[in-house]
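Here the chain labels run A, B, C and D in written order, and each chain numbers its own residues starting at 1.
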Amino acid sequence: MSAVLTAKGLQKSFGAVKAAVDINLTFDPGTVVSLIGANGAGKTTFLNMVTGYLRPDSGQILFGERDIVGLKPRQITKLGISRSFQIPQLFNSLSVRENLLVAESIAAMDDPQAAADETLTRFELAPYAAQKAGLLPEGIRKLLDVSMALSSRSKLLLLDEPTSGVSADEKFAIMDVVMGAARAAGVTVIFVEHDMDIVARFAGRVVAFYDGGIIADGSPDTVLRAENVRRYVIGEEIPHAAA
Amino acid sequence: MSSILPIAFDGITYASWLFLISAGLTLIYGVMRILNVAHGSLYALGAYAACSLAGAWLGGGLPAAGSFAMLLLAALLVGSVAGPLIERGLLQWMYGKDEVVLVLITYALFLIMEDVIKLVWGVDSLLLPDPYALPGNFQLGGLTYPVYNVLLIALALATGLALAWALYRTRQGKLLLAVIHDRDMSMAMGINVSRVYLATFAVGATLAALGGAFTAPTIAVTPGIGVEVIVLAFAVVVIGGLGSLGGAALGALLVGLVRSATVRYWPEAELFSIYAVMAMVLIARPKGLFAAQEARKI
Amino acid sequence: MRPSLSFGLCAALAAFVFLLAVPASLAQQPLKVGIVTFLSGPAAGPFGVPARNAAELTAELLNAGTVPAPYSQKGFGGTPIELVIIDEAGGPQKQVAEYRNLVPRVDIVIGYISSGDCLAIAPVAEEQKKLTVLFDCGTPRIFEDASYKYVFRTGPTGTMDNVSVALYLVERTPNVKSIAGLNQNYAWGQDSWADFENAMKTLKPGIEVKTSQMPKLFAGQFGAEITTLLGSGAEVIHSSMWGGDLEGLVLQGAPRGLFEKHKVVLSAGEPAINRLGTRIPDGTILGARGPFGPFAPGTDLARWLKTTYQDRYHVPPNYASFKMTQAILGVKAAYEKAKGSGNEAPDQDKIIAAFENLTFEGPGGPVKMALGKGHQAIMDAAVGTTRVEGGELKIVDIARYSADKVNPPDGVKSEAWIKSGIKK
Amino acid sequence: MKAAIVAIAPLVALTGLALLSPQWLVFMAMLALAKGVVVLGLLVLMRTGLVSFGQGLYFGIGAYAAALLSHHLHVADAAVMLLAGAAAAGLIAALLGLLLARYRDIFFAMLSLAFSMILYGVLVKSAALGSTDGFNLHARTFFGVALASGVERRVFLIAGAVCAVVVALLVHRLLGGHWGRLATGVRDNELRVAYLGASPYRVVYVNYLIAGAMAGLGGALAALAVGHVDPEMTYWTTSGEFVFIAILGGTQSILAPFVAASIFEALRTIASQYAPNVWQMSLGLAMLAIIMFLPAGLWTLAERRRRSV
């Protein structure tokens, strides 16, 4: 079974700050991988490079067999990589249903209306269907953001802090819905997360970032117990503080 | 070669004038996000006020040199009366509207002020040639120039430096810069936005009126002079980068020099040289010369 | 997107506003004369308002019956006239709209300073079958490119201005070798310069054109242009500027020696006399677009206009005032000729028939409707030179050119006529 | 279907107007119709969040294309002129759009203004086109049928009304469906559009093209109505007028531009007739009042009424 996504020797720096130092990663189909690390460790930079928002200074990103470095976000999305955002990116003046209709229509579904209704049900968004996206509570915005990403029928779904800004008691419920939908769609999931309980519960593999590099990679059990991870990622000196 | 000097001097003179009228426009836009079409009317108001004040001064047989003080006074008067009147009386009710709507509001204001000026001063041109002739002439590259042009350049320089000092060296100025750079943040930090807006608009209006007052002696002050000015000032400000004082200076210089060279070497193109410059600058630098390119964080 | 009930409401609102715009119905008692002239914008001061003033003065004095012979009969043939004045500002598209609104409200339209407006209005006048008299605009294209039944122009074309100043210039300085131009960059400035340049080339073959500067209309500031002219070495500088631009040119050019180093010809300079007075340097050649203002003949009619206008408005009437009065008197002459000794008001066709090829006396002297199949006036031209005497600006060395010397024969286009030798 | 029925009502009304009303009203209605088409195009563009202060460019191109056909090529068919106006403007929009579709906000507005002013400069410099005086045009046939003078404008008004209704229905269809939502998406959040796999650039480009072609059609209609073209049509004040009419009408309905354009024309006429010395001030005050009391345009009125019913 060949990898969905392979990163080879990715380098990226912003002035003096090194945001990616020789990143080499391989993701297998059907897996759920969590990227952890402190703020500025390079997780989002990695997502941004994979989705074409940033161009690596050097290195290769292979989606399947194809090198996607230099492609635009739109082209990468068309190939089958979609993403959600730390701050949900929605069409605020459109209703929830219309947001999904835009997504389904771009994804060229035969019947966007039916597809939108299906997504509404799957993500438990139906009660909000007629509300303007700009007026939704944060948790629902997060869900809508992910549901739009999934509706482009991608093979690889990248989620940037799917539970940030959501109250603690909602987090698991939201992740259950998201992961359920992802599993049903059969996509590979890579998600950035700060909440280690969520990571432990949903990830099959964890990659820990520190200062632009990878300091640990493996099953949740091993990685979350590794000493450097506990020190630099979960460490007491840097408590969970999502910006 | 002998033509280089005159071209440069004419260009710089024109640039000084452009800078005076664009500085206020860019300041108002930077702080208030209003592209003020009525800026041209304030310019015209300054010119008319200057004609009345300096005309009365000279008509009263007072020393001619004092007419320069009258020009300055006219600008300050317009800035401190008309500016706050417009801001308090009209604009403050409109904040928060779309930028395009704000442009239309100032356009309506411009239409109203055109007729107000006509009702007050009539349609005949006003002339104020004495301050222009007073400082005499000098020779440059074999050609005669009025010293007044040098005064105009000095005024623009002094205004620019004073503005830069006020913006970067005083507390109030730094507050303005803070509003220009991040409005939401500065509001959150408790800056009194209403006062900042009032002050900004008054200063901007004074600058427009200053441009008008010191142009008045060189031209015939007629209805419609504000219309001609406003699009020029827009172009300069857009070339320089909206909200940037240095940008306005550079934009004015660029436009002034290009125009003066065009007049000399390719007079047919004078009419659209400035728009060609604007289009080219925007094509090369989509947000103008001095605009900060903000990366969006996602 | 839900066009429904709301449409009805808005349509009703639109209809209501439209109804407001419906012209008041006509009471046929006094003859209603629509007057269109600039009341706002840069052309209001030098032309529009002096023309409106002249219209109001002339109408009032005509109704009072105090205008000298042959216009001493009250109103038009005894019927009083009433003016409906509208603003010419806003461009041809707006003017066509305003004209169409004006037509049902008036019997005759007199107006239009801008050539663009005249060109646009003429075919509409024809379509509306409304007698329309253009009083000031200069472009010869109106009757050269088309012919009209309902449109007349009582002011001479711009061709004559530039041909006459060229003749004057060549007579005064026969050895002139080079010219340069400074004209506003719009149709009037471009046409004036072309006529002058062509006339000079015809009169002095081999004359050198040093530069043709065309600053933007209403730019007001001409520093760079003056620099270029000063450096051009041209003997003569021609300018057809008017209004604020002309005044600015004199204010900015005089201190820099523009008028000392060069012979300056201001083909439409007359209205600036009242504004600038002795600031116009000595030796400047001035035209007045006809025998108007200081060039007016010593007739009773000219004296009447000068004194009554001066008394009321405290400035002398300029050429725009003369031309407006001339237009009203021309219509009066045609109206009364059509009416004859009868008692009945003549219909429009009769007035038109009387107007065609009419010769009438204006405040500037005889006006012959000789071109454009009898619809376009020609007049004598006059050119003079400024001189400051005893603190006053005088026009001296005035030369007069008879109308047929400075206008093409009927049916010949101005441009071709100038290029082919300025001959009958 | 409902839209089609709603569209027929104004068509019938305008046809009635064309046949029965006095000449000056026919003219005003036609001018309002021409401007309405331009403004409707502007609304298509505004759906993507962009406002052009240079629609005068295409208005002028459309008018000059129609007029040049009549004047230089002696094509005097109104239908051909209208098509030519829309096509010429669309062609130029297709070119300039490649560049302009990259720009946003005030920079888009100013760059489009710059292009319209460059055309203005070129036209003013073109002595062969009459410079600022412009030139006259005359349409003598419509689809090959000769028109008697006096009747022609009534025919043009009906033709204009048919054009406007067809265009309005097309726009209604376009904006009512996926494309309209996508354009709104571009206005709200381009990043999301790109990350859904669509190109915001393309959306803006296509809408710009549509707006340009419609402005060209409007320009040709206006040229037919006025019978004269001149560079003023491309001047920034003309473009500003279109933006004002768009704001006046609001963006809620495809009928709004036409109603707003009629009211604007009427307002201006009333002001010039009853206050010739202060018509600019009257217009300015009216504009301020509308912006202040009807913040969402005239449709505020309709909405208020609907709510109160």
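Basically, contacts are C-beta pairs under 8 Å (C-beta built on N, C-alpha and C of every residue); 3 or more make two chains touch, one makes a residue touch a chain.
Since we're looking at a predicted model, the values are computed, not measured.
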Could you tell me which chains are in contact with chain C and with chain D alike?
B
Quick check: more C-beta contact pairs at B-C or at A-D?
B-C
Chain of greatest Cα-centre distance to chain C:
A
Could you say which chain's mean Cα position falls nearest to the mean Cα position of the entire protein shown?
D
Please tell me the distance, in whole Å, between the geometric centres of chain B and chain C computed from their C-alpha atoms.
35
Mean-CA-position distance for chain C and chain A (Å):
75
Distance between the CA centroids of chain A and chain D (whole Å) is 45
Quick one: chain B and chain D, Cα centre-to-centre, how many Å?
33
Going by the touch rule set out above, which residues of chain C reach two or more other chains?
39-40, 185
Where in chain D do residues touch at least two different other chains?
124-125, 191, 277, 279-280
Which positions in chain B are in touch with at least two other chains?
114-115, 118, 268, 271, 298
Chain D residues touching chain A - in the complex, by the definition given at the top
178, 181-182, 184-185, 187-189, 191-199
Going by the contact rule set out above, which residues of chain B touch chain D in the complex?
35, 90, 93-94, 97, 99-101, 103-105, 107-112, 114-116, 118-119, 231, 234-235, 238, 242, 268, 271-272, 275-276, 278-279, 282-283, 286-288, 296, 298
Under the definition above, what is the set of chain B residues touching chain C in their complex?
3, 6-7, 10-11, 13-14, 17, 114-115, 118, 122-125, 127, 129, 132-133, 137, 142-146, 149, 215, 218-225, 227-228, 259-260, 263-264, 267-268, 270-271
Which residues, counting only chain D, touch chain B once they are in their complex?
51, 99, 102-103, 105-107, 109-111, 113-115, 117-118, 120-122, 124-125, 191, 236, 240, 243-244, 247, 277-281, 283-285, 287-288, 291-292, 295
Taking the touch rule as given, give the residues of chain C at its contact with chain B in the complex, in rising order.
39-42, 44-46, 48-49, 185, 211-216, 218-221, 223-225, 227-228, 230-231, 243-248, 251-252, 255-257, 275-276, 279
